[in-house]
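In what comes next, subunit A is part of two complexes: it sits with subunit B in the first one and with subunit C in the second one.
Our next item is the complex of A and B:
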């Protein structure tokens, strides 16, 4: 095939998707960026006059600073809990026999294929004041008054961990399965205890998986919307829930767009940081 | 000792993953006006009530139509792009691939907001079209990843043989390349379909009152009531998802489809 032919063929294959991405990904994102530099108007959605006031407000106002700190904190908690729960699960899967392994992988991954709203609804049912968990505990006589399980940070964390766990486990299973058993046998025959083997051999070798899983979990958790909105009972606000609020009820699009940029900056910073810490990726 | 503790914790995590789904399925048969688990008695009345909800049925149809159209759109754009990347080397190829994968990395809420204000700007007042564009955008990366993995495993000698025997580029594509990667295309279609069908975040921003996909309908409904009817619709969706998993398992093995193990 001549070079010209090959060029033409390449164009046919790649042009449609490129045009689609430029039109509906790059352009809308650039327009959000532009919107964040416009002035807010209570009469219209925004006034096309350039200003840095939205950024000034978001960076200096304690309300927004608190919001950012809370969102990042939520991301860190969810990542930590997902790691602590995902690691034993991934170890179990990596060590299981073939039949058990398929079954456990199917169970671990099944939530990924189940609607996010449905999974969040399940926790709404379980954790409410008159929810299933409180009803059980009261039925068993363990508590007198219902525990405050729902509509707060606790329920948001639980809901997000439930969603992130498969992503975390998936990243961990990959690295744990590749660990050479000879290394573990060697450590064992040299007299290392199980705890020491886990801490000094398995854990260090699985660091890339921990990094990848934590990155996935953290970026999902800080930008999740449905789960904090439903499980937070209007009391837990994150950058994402406030973005929704700014683009719907309060119709302050410029500030909403500024929060979008903030979220993207945090996300990018985490990806860059991850790249620095785990070079080979 | 440590191994047993870790093993036990592993089982507890399995319970944590499955528990809520079991409670929802069981609770959908309860006779109480709230979700109880174990269910009090047994009734199908929540399923019957669901069948009489025109708005839920309408939303279900919209979600299916949207997912089918999205599968078609994402496959055409995505498979073409992947084959182009596979057949040709060019500078910036890695960058271009990363560019194609970017909707997966970008927060869905941001994509939703970006499209919302963009449609307002260009005066696009057609929710179905708007939803379709958003869904195609966020599902193309799944096609690039899944079909791309299928193409990597394809022996280039097969395509070269076809071309050296005189088959034209189009003939080679239709008769050799596409049939050879059919399983991964099948898997990609299923992924795209279910991702579109389940998509809530982007849809919440782009849906209209008359064009409301099922996840958005459920979202709006549970914002004011948590009754067992939602458990019934959830159960149906869970069964739907497990049907898809079984199908994937049968077609090419779940581990392979999900990219776990070799």
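Our next item is the complex of A and C:
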């Protein structure tokens, strides 16, 4: 096949998805970028005058800086908890027999089968002051006042981990499954304890899975809107919830658009960092 | 007790292993002396790998004992057995350098840094890898990886070295070279070694003794020479390629039993009391063909050039008789020609047909 022929074929294959992304991703982003460079007007939402004032405000105002730090912090907490819960789970699943493996993977993925809003409300029902957990604990006489389980960072982390754990576990399982059993046998024969096998062989070889799972989890957690909005009870604000607020109640579209760009930059930075760290694949 | 003989490096008594309903090992007894090199030889599924894994401690036997240097290792995991293993796939740690691979076993044994470095250097030197210490395994050729696996296994100064088809992944020429190297290294270190192979040539060229395995049991245990000269069953003879097996009516005749071949050909074997022994074995190189006239003797139905010898294939009613002779002598026997064939009874044996 000639080079020209091959190029033409490539174009035909890639055209639909390219058109889709240009129309529904790139163009909207460009519109948001343009909006972030306009001046805010309380009368007309925005005035089409070019300004960097929104970025200056977002980058220097301690309120926005604190918000960004809290959002990144939330992302890190969710990633860490998902990793700590997901790693042993993935290890067991990766080493299980075929039937057991299918069952465990189905259970692990089950949170993804429930609608996001329904799942979030279910957590509200469970974790609220008059929710299932507090009611039972009080009924059993274990606690006097309800524990602060809902409407705070705790419930947001729980809700996000619930969604992110399958993503993390799947990334880890894929990598752990591919570790040759002979390597573990070899380490065993050379005198390595279980702990040393985990630390010196399995863990280093699963780093790509840890990286991919963490990337997915972190990006998902810092961009999530429904979970922090519903489970945070107005007490947990993230970049995403503030974007919503800027585009609705306070009707400050330029600053809202600026926050969208900031979130995109953070996510892009994480992807680039991941690429650097896991260059070898 | 000073003059008592030391216990064998490895002693196995009545070992049984089964996986579910499958009986992989059915009562294995084996003693390997210090410094001995023993091959476990057999077709796939014969239990040789199960036996190796049982010795290593990856598989716990249902019954029977495994003793290392007189110590019963029942229930001990591999890490407590001080056994060096060379895996078929080499199983090198891909995220570590060659040096770190070799150091791993010493790290597990908490050997002091300076001593560990010296021992690793020696092991790398012995295997000719000193210049590759900083490489990652995937940057090495198959033969080099094989050497790393060997260095990693011997650096821990194991009581026993196990090798699972260690040369199976190498091409023919390299395999022969590595056979020689492996053997001389084992000699030099004086380490007791057990290695698994399905390649009878490899077993013959390296082992002091060969354990021929079949269906989870030992079919024969002997030195390569004895095995080749005197296989104890037709199956073993066939498996190691120790000669022709002729199944035909044998006429008793004054202390000899003679195969009913056409006139001019003569293969007979000294009579034997064993009623089971019904198959006549005659080594390929002990047959002497003579040119026969048209319509006489046996037809030459095939010729195979083997390098040092030529194999003539002669059609008899008891199956193809294969005779190996020097190329110069083979000229007189063209494809489609006729030949008489005979052998001295001294070179023929009767084997049980199992």
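Keep this in mind: the second predicted complex is superposed on the first by the 258 of 281 C-alpha atoms of A that agree within 3 Å, B and C clash if a C-alpha of one lies under 4 Å from a C-alpha of the other, contacts with A are read in each partner's own complex, and residues count from 1 in each chain.
As a working rule, a contact is a pair of C-beta atoms (placed from the backbone, for glycine too) under 8 Å apart; a residue touches a chain by one contact, two chains touch by 3 or more.
Owing to the predicted nature of the structure, the values given are computational and were not obtained by experimental measurement.
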| item | value |
| --- | --- |
| Contacts of A:243 with subunit B and subunit C, given as first, second, both or neither | first |
| Touched partner set for A:187, first subunit B, second subunit C, both or neither | second |
| Which of subunit B and subunit C A:48 touches, first, second, both or neither | neither |
| First, second, both or neither for A:31, with subunit B first and subunit C second | first |
| Residue contacts with subunit A in the superposition, subunit B compared against subunit C | B |
| First (subunit B), second (subunit C), both or neither touched by A:200 | second |
| Subunit B versus subunit C as contact partner of A:148, first or second or both or neither | neither |
| Subunit B and subunit C footprints on subunit A, overlapping residues | none |
| Complex interface listing, subunit A residues touching subunit C | 180, 182-183, 185-193, 196, 200-201, 204-205 |
| Partner subunit B, residues of subunit A touching it in the complex | 1, 6, 9-10, 12-14, 16-17, 20-21, 24-25, 27-29, 31-32, 35, 45, 85-86, 88-89, 91-92, 102, 104-111, 113-119, 121-126, 128, 130, 132, 135, 162, 165-166, 170, 173-174, 177, 194-195, 198, 219, 223-226, 230, 240, 243-244, 247, 253, 256-257, 260, 263-264, 267, 271 |
| Residue ranges of subunit B touching subunit A (in the complex, touch as defined) | 1-3, 6-7, 9-11, 13-14, 16-21, 23-24, 27, 34-37, 76-78, 80-81, 83-85, 87-88, 90, 96, 99-100, 102-103, 105-111, 113-118, 120-121, 133-134, 136-137, 140, 169, 194, 198, 200-201, 204-205, 215, 218-219, 222-223, 226, 230-231, 234, 237-238, 241-242, 244-245, 249, 254-255, 258, 260-261 |
| Complex contact set, residues of subunit C against subunit A | 56, 58, 77-85, 87-89, 91-95, 104-105, 108-109, 152, 156 |
